[in-house]
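One structure is given here, and the rest of the page talks about it.
Lettered A, B, C, D, E, F, G, H, I, J, K and L in written order, each chain numbered from 1.
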Amino acid sequence: MTKQKTVLVVNGPNLQMLGLRQVEIYGKTTLSEIIASLAEQAQGQPGLQVADFQSNSEGQIVDFLNERFTRHHQKTALVAGLVVNAASLSHTSIAIRDAIEMYTQESVPFVEVHLSNVFRREQFRHHSHLSALADAVITGLGPLGYKAAMSFILAKQEG
Amino acid sequence: MTKQKTVLVVNGPNLQMLGLRQVEIYGKTTLSEIIASLAEQAQGQPGLQVADFQSNSEGQIVDFLNERFTRHHQKTALVAGLVVNAASLSHTSIAIRDAIEMYTQESVPFVEVHLSNVFRREQFRHHSHLSALADAVITGLGPLGYKAAMSFILAKQEG
Amino acid sequence: MTKQKTVLVVNGPNLQMLGLRQVEIYGKTTLSEIIASLAEQAQGQPGLQVADFQSNSEGQIVDFLNERFTRHHQKTALVAGLVVNAASLSHTSIAIRDAIEMYTQESVPFVEVHLSNVFRREQFRHHSHLSALADAVITGLGPLGYKAAMSFILAKQEG
Amino acid sequence: MTKQKTVLVVNGPNLQMLGLRQVEIYGKTTLSEIIASLAEQAQGQPGLQVADFQSNSEGQIVDFLNERFTRHHQKTALVAGLVVNAASLSHTSIAIRDAIEMYTQESVPFVEVHLSNVFRREQFRHHSHLSALADAVITGLGPLGYKAAMSFILAKQEG
Amino acid sequence: MTKQKTVLVVNGPNLQMLGLRQVEIYGKTTLSEIIASLAEQAQGQPGLQVADFQSNSEGQIVDFLNERFTRHHQKTALVAGLVVNAASLSHTSIAIRDAIEMYTQESVPFVEVHLSNVFRREQFRHHSHLSALADAVITGLGPLGYKAAMSFILAKQEG
Amino acid sequence: MTKQKTVLVVNGPNLQMLGLRQVEIYGKTTLSEIIASLAEQAQGQPGLQVADFQSNSEGQIVDFLNERFTRHHQKTALVAGLVVNAASLSHTSIAIRDAIEMYTQESVPFVEVHLSNVFRREQFRHHSHLSALADAVITGLGPLGYKAAMSFILAKQEG
Amino acid sequence: MTKQKTVLVVNGPNLQMLGLRQVEIYGKTTLSEIIASLAEQAQGQPGLQVADFQSNSEGQIVDFLNERFTRHHQKTALVAGLVVNAASLSHTSIAIRDAIEMYTQESVPFVEVHLSNVFRREQFRHHSHLSALADAVITGLGPLGYKAAMSFILAKQEG
Amino acid sequence: MTKQKTVLVVNGPNLQMLGLRQVEIYGKTTLSEIIASLAEQAQGQPGLQVADFQSNSEGQIVDFLNERFTRHHQKTALVAGLVVNAASLSHTSIAIRDAIEMYTQESVPFVEVHLSNVFRREQFRHHSHLSALADAVITGLGPLGYKAAMSFILAKQEG
Amino acid sequence: MTKQKTVLVVNGPNLQMLGLRQVEIYGKTTLSEIIASLAEQAQGQPGLQVADFQSNSEGQIVDFLNERFTRHHQKTALVAGLVVNAASLSHTSIAIRDAIEMYTQESVPFVEVHLSNVFRREQFRHHSHLSALADAVITGLGPLGYKAAMSFILAKQEG
Amino acid sequence: MTKQKTVLVVNGPNLQMLGLRQVEIYGKTTLSEIIASLAEQAQGQPGLQVADFQSNSEGQIVDFLNERFTRHHQKTALVAGLVVNAASLSHTSIAIRDAIEMYTQESVPFVEVHLSNVFRREQFRHHSHLSALADAVITGLGPLGYKAAMSFILAKQEG
Amino acid sequence: MTKQKTVLVVNGPNLQMLGLRQVEIYGKTTLSEIIASLAEQAQGQPGLQVADFQSNSEGQIVDFLNERFTRHHQKTALVAGLVVNAASLSHTSIAIRDAIEMYTQESVPFVEVHLSNVFRREQFRHHSHLSALADAVITGLGPLGYKAAMSFILAKQEG
Amino acid sequence: MTKQKTVLVVNGPNLQMLGLRQVEIYGKTTLSEIIASLAEQAQGQPGLQVADFQSNSEGQIVDFLNERFTRHHQKTALVAGLVVNAASLSHTSIAIRDAIEMYTQESVPFVEVHLSNVFRREQFRHHSHLSALADAVITGLGPLGYKAAMSFILAKQEG
């Protein structure tokens, strides 16, 4: 019997505004369309599912990651990987960084995603507290970036 | 018929403590007195009202700004301008900056206000992530600063 | 009659995960064990009690500190001292700093505690916005650090 | 009998070009229109008058401030407050800063004004040698900024 | 008739050593295996082909990019997109940056790829002269990164 | 009839000392010899003349530039171009920079000239506030630098 | 039979002046009172004793640490732990750092102590060469800091 | 009999693309047109000729400069001066700098040329490793810059 | 016959306010009292006199230094030495620095004087453009500093 | 009866080599000649004497200052002032700074002296840990600097 | 039978000019004399030979190192050690650094050599990308430096 | 008759612990073994001897260097060269630097030696105050480094 595992897809501040917010930078695809497409992608691998979480609040994102980690640690709900677009919090939050580190310490794959290429934008978007923990960082691919992240995590499950 | 429009007045961490907190720096006027005075000032212009929001939480401020922006964007509740005193979050929050940028991209006037003159205080208060987006920045005028910000926004409605 | 006073023990993000999270750094003692031990220590001094608060959210920590300060200021519930381990928020939060400053302005003793020695770890953990306000800073002593902080505050009550 | 007092309004380099110079940044109002409006505003308070000075030369601005300070110090011509837009010299002149400090040492209110929001412009306009001395700093309000500065000084006379 | 277009895949210093060099960082896949897989991927879209170039020399990479650009500009051999892993030269070469800019000025899509996550490694690998020109930057996905880059460029052809 | 136009040649502090001052750096040619030679060069183009101004005072240089700009703007005396050697003020004056920007905003060509190669000298001479506005910067050519600047401006008139 | 072990208590420049020197910062307790109290505390654990050393000279402190390390290494006089307040030398001495590293390489516990909270004082006191080697750093607790350090080392003996 | 001497004109990466590459920055003149015009200019002085070299490769430029220097040093082919536009390599190559220094040590005149004004462009183009060696630096004059450089070198031959 | 020589005593912005301005920093002695005392001191040496100049304007100070240097250079009025307190201009003026350098190039002794100890004050007063040219720098001695400077110059005349 | 007081004259590393060491920088006067001349100067004031101390060792200088401070504090041997040339230790020693601060806290006048003008020399000699404590700093006057320092202290005794 | 092994001696840009180039810095010995002397030195150890390579091109040096590493890795031609003087490329080339890292990862000894003492020269020569990989760094010994490097590698073979 | 000369071999803090201290970095050879080997090496050259000095104290090292310099200067005991491993003091001591400079000013050869490659270790070991004075710097060669330094000095005697 295939073991049930979950890919956590976490989105940070202002990302629920996708499709509405500065479309010349972030495009017209909504966040629910992205999540739906990832769920579909996960179905290609038996026993895998997607759990998504969006919040404008650093604390709530940490809450979510902590809660899921406790279950992962207790082996009641294993986490297959993390796809995280912490948006503006990438540049300012060490709390989220620390919450993710519990996973990477246990070798759970983690991919950092940004819709836009942050290196083309303001200087303060060039540094992310999360990148040094990530297996991979993808910026500027738009919704395709989430997909590539998911592919990477799927491949890790197989490998 | 005059179109109904709202000026959003947003206050950040510790500002609900006004009147109580370090009065030699912040003065004795309470936040509700400031808001009341702004509401009165807005009444001078038909169809204009004030909606205020205070929170110690970055996430909740972003929630408020996002929710109001959605209505503004859908033209169900137009925003006439933003008066924002993000207090300590001015120096640390890119999330609030990004939430405000949606408004400034649509030319909604935005004034950044600080009660005390931040440039007289610690070095870490000298940089604000919000200033580069603002039409105007006012520091040190005390409650009068909110009033000047409101006057600026009122003038923009007329102009 | 001995005046009733409370020592506030505040813990920041990810600290409720103690005992579970990276035990080679943070040890096996849980947060509730630490709090229990502090409560016991406080009992050694008549009229003193411990109130603890943990949150992953900067805003909630500020809420807690504001609410307690109002009561302290109104002299309905005096605060004997602050023991604060703001964890990752130490390095990023000016809002918590400002909420604590109201206490230090009124000479309430404040000790900053970190379980691990932050100076042995990543560069971004070397600076804390809180340290310049603190009476004392203790890092690396593990649970003993809270205890030493409490002893310091107890001594101040006596002194 | 009301004591006669003067508000000094000092403008720095290139500001006599207002109305002619880069109107998309500085607007169409001329400097004499601004001064006229401030004089009118001052008339609202008995015994108050405005004295304005514009120069492209740091030395002449210091001369003016020194000469007026001597009379203020000798109590032959009291200064009620300073409204200073030192323009580009704000960023480079310590001499003007020192000339102003004589006033602030004697608690004469001082407001720094900039027509445009300097924080939206080049990096070298973000620091002003004057700001750390000012009671308040106003940028980006256009001519309204001078008015708000005057209101602040008027309020100080009353208070 | 479908217009013939080429995706340029450029690899910098030491990348021909893949499979041999520090396999714990770069993996066992060889460069020719990566190229073969990209060629196959391109076949999914009619009229598209891959041209790859590897060199340890900055000058030769610029030669290649210049020569191809001349043909693209003359419309004798159109370039559909650039997939560039300039390896160590990413951090030091402005010449390659300038050679690529000719393409991005004409809206040819450009994706920067790194096999390993450069942000996990030495500080001097954190800045790339190429990133500010790129549509997207992918690091740490291993060979999958090239594939995701190709998918992005294929999607641009369709879109 | 050929329209009358003037090339402004502005020289900053200590440049009237040419021929006398450190001749191993600045050479033996005097400033009036340089100006004479430029006037002669201008004669080669009908309707063009040279107006030169030297001052040790930032304020007077701004006065000159402002006064000439007003006439240029009123089209009573058109300016064909600016040749400016602000000497030491290049490194310290934003006021002169702003006075020049009025011209460059109206596409008047501006060439910055230095007699010596400033990059060979002290670090504090390596940055000029004027360079980012200039069409061209010439250092180290000696009097020939003024000539090349004039040639550039003459060519612009023809082109 | 309990093995005899020594806790080394090392104090740097000006610390023999305690009780005399700036009492508002350093308090009235003398150094010998602190040492006496530590000796007493050590007696609580059989086989443990305290050896203290104070010097104004970096070289003599290194001599002391070297001499003791040689005996520790030869197992003729084991060191149980180090309590070091290097005072001003903390910020400037790599020699003492290197002398201590010999101990930490052999897992001898080391606690850095400062009487005052160095983070409240001048910028040059914020960095200590010793902290990155320490198990724990305690600042601002006054004489209590030594005590807490001793408790930590005693606990390590037991553990 | 006039001694035969050569002016070396060296051009760096991407400069053979002139006329094709970003014409709004670099103009439409091709590199061969520039060289032809310099050769013509040199003919005005008996015994002088131009040798030009363009390469995208730092190493080849150093090879060229080394080879010519050897002949100059052996007095088999004297070099009258260097006109160098190292383009992007100006900002990154110390090897070219060192190859040029052999000439400047023997007082061969050297002029650094850039077609565009590098100080108007990205920060990374503001520093050139070559400038501190140059007799003169000319930026932004376009092809006229080469001409001015040549004039300077011709004047040195005469002088 | 003793050759007539002059010591130039130059004072910068706000120094004519001495005796009036912040007396806790600058003391009560006026500038004319200082000059008078120096004139008296000079009389001790035959053929020596003092010429003083104060201005708030950088340009006028340069004018004065240039004019005197021309006469010194022409040997019509020799300068024995320079005593310069450029006050705030010390930190900002390269023009004055360059005007002084003409003297130091001809070995005229130059002493920089500040009444207050600038190193005890704000960071921006710690660097002076003049110090690297000076024979000696004296800060904090008050009027005695001018006297010591004069003694040094007198000694040089004798030596 | 005049109270007996001592001026401490402290000299740091390598200063006993005066007269021997780099005479073009430090001159030919020996340290004992300087001390002798200061002793003579002190005799001009009844009850004043000079105690000098030279050492190459930071620790010994701190020992000396500590020992003298204890006597001063106990009023058994009052210190009239400090003349300190800590030479190279000025730039590196916080221990000496702290030892001096005990005096300045009790308003004992302190003058920092350097024989050469440190601002003309290497960058690492431009900052002194002692300057921010000093009443005055004198550099470059040679032996005359000690004399001026002594005059300043003598004047303080009288004043 | 002794296994055949090769010491690679790699020299970077401008080093083939030795004996000709700035002899006051680099001396008169030619590169071939240095190589000859190393070959002779290697003969002292059976089975050891020297292979030298000089190039002005970063790419060719990487080619050489890659090609040799492939053979070393395939054990067809073992490398005993690397003696590298990358000259100016030491400061700018990460590509060479990466090519060397393949060797150091397999514990091949690597010594970095510079003829002159780079720390005595310009600031930009003080950092080398290669030093952090090297077993040893030798600067300023001249040709003797290569010899010492070779001795070190020979000793490693024996050891 | 051969003139008697001495090579001074100076070792700084913790180096007397060689053989005992972190052997994986510093090796097993003791300091006396190194000195013995150097003495033997010196015997190869008639009239040459070695004088070694080790101290943990900066001041004592300066004392030694001063005392020897006085004798060298008086020509009573000539110094042939300096081999200095100041260990941790290299990074912090300007006093030792100044003591050495007396020798280098008189062209006595000076080689800086470190046993380990400091560039592979912590950032604070990368800068040495001594390097800019040294003829040569050798790091990482272990005891061989001293030997190479001695060879260099021997060669200078011969040359």
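Here, a contact is a pair of C-beta atoms (placed from the backbone, for glycine too) under 8 Å apart; a residue touches a chain by one contact, two chains touch by 3 or more.
Here the structure is a predicted model, which means the values were calculated and not measured.
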Chain G and chain B - chains in contact with each: C
Matching chain pair for H-K (criterion: over half of the contact pairs shared, by residue number), options A-E, A-B or K-L: A-B
Chain A and chain F: spacing of chain centres that average the CA atoms, whole Å: 57
Geometric centre distance via CA averages, chain I-chain E, whole Å: 64
Multi-chain contact residues (two or more partners), chain C: 57-60, 92
Chain G partner contacts - residues on chain L that touch it in the complex: 12-14, 16-17, 20-22, 55-60, 87-89, 91-92, 124-125
Chain H - residues contacting chain K, complex: 57-60, 62-63, 66, 69-70, 73, 92-95, 97-99, 101-102, 105, 129
Contact footprint of chain C on chain G as seen in their complex: 111, 117, 119-120, 128, 131-141, 144-145, 148, 151-152, 155
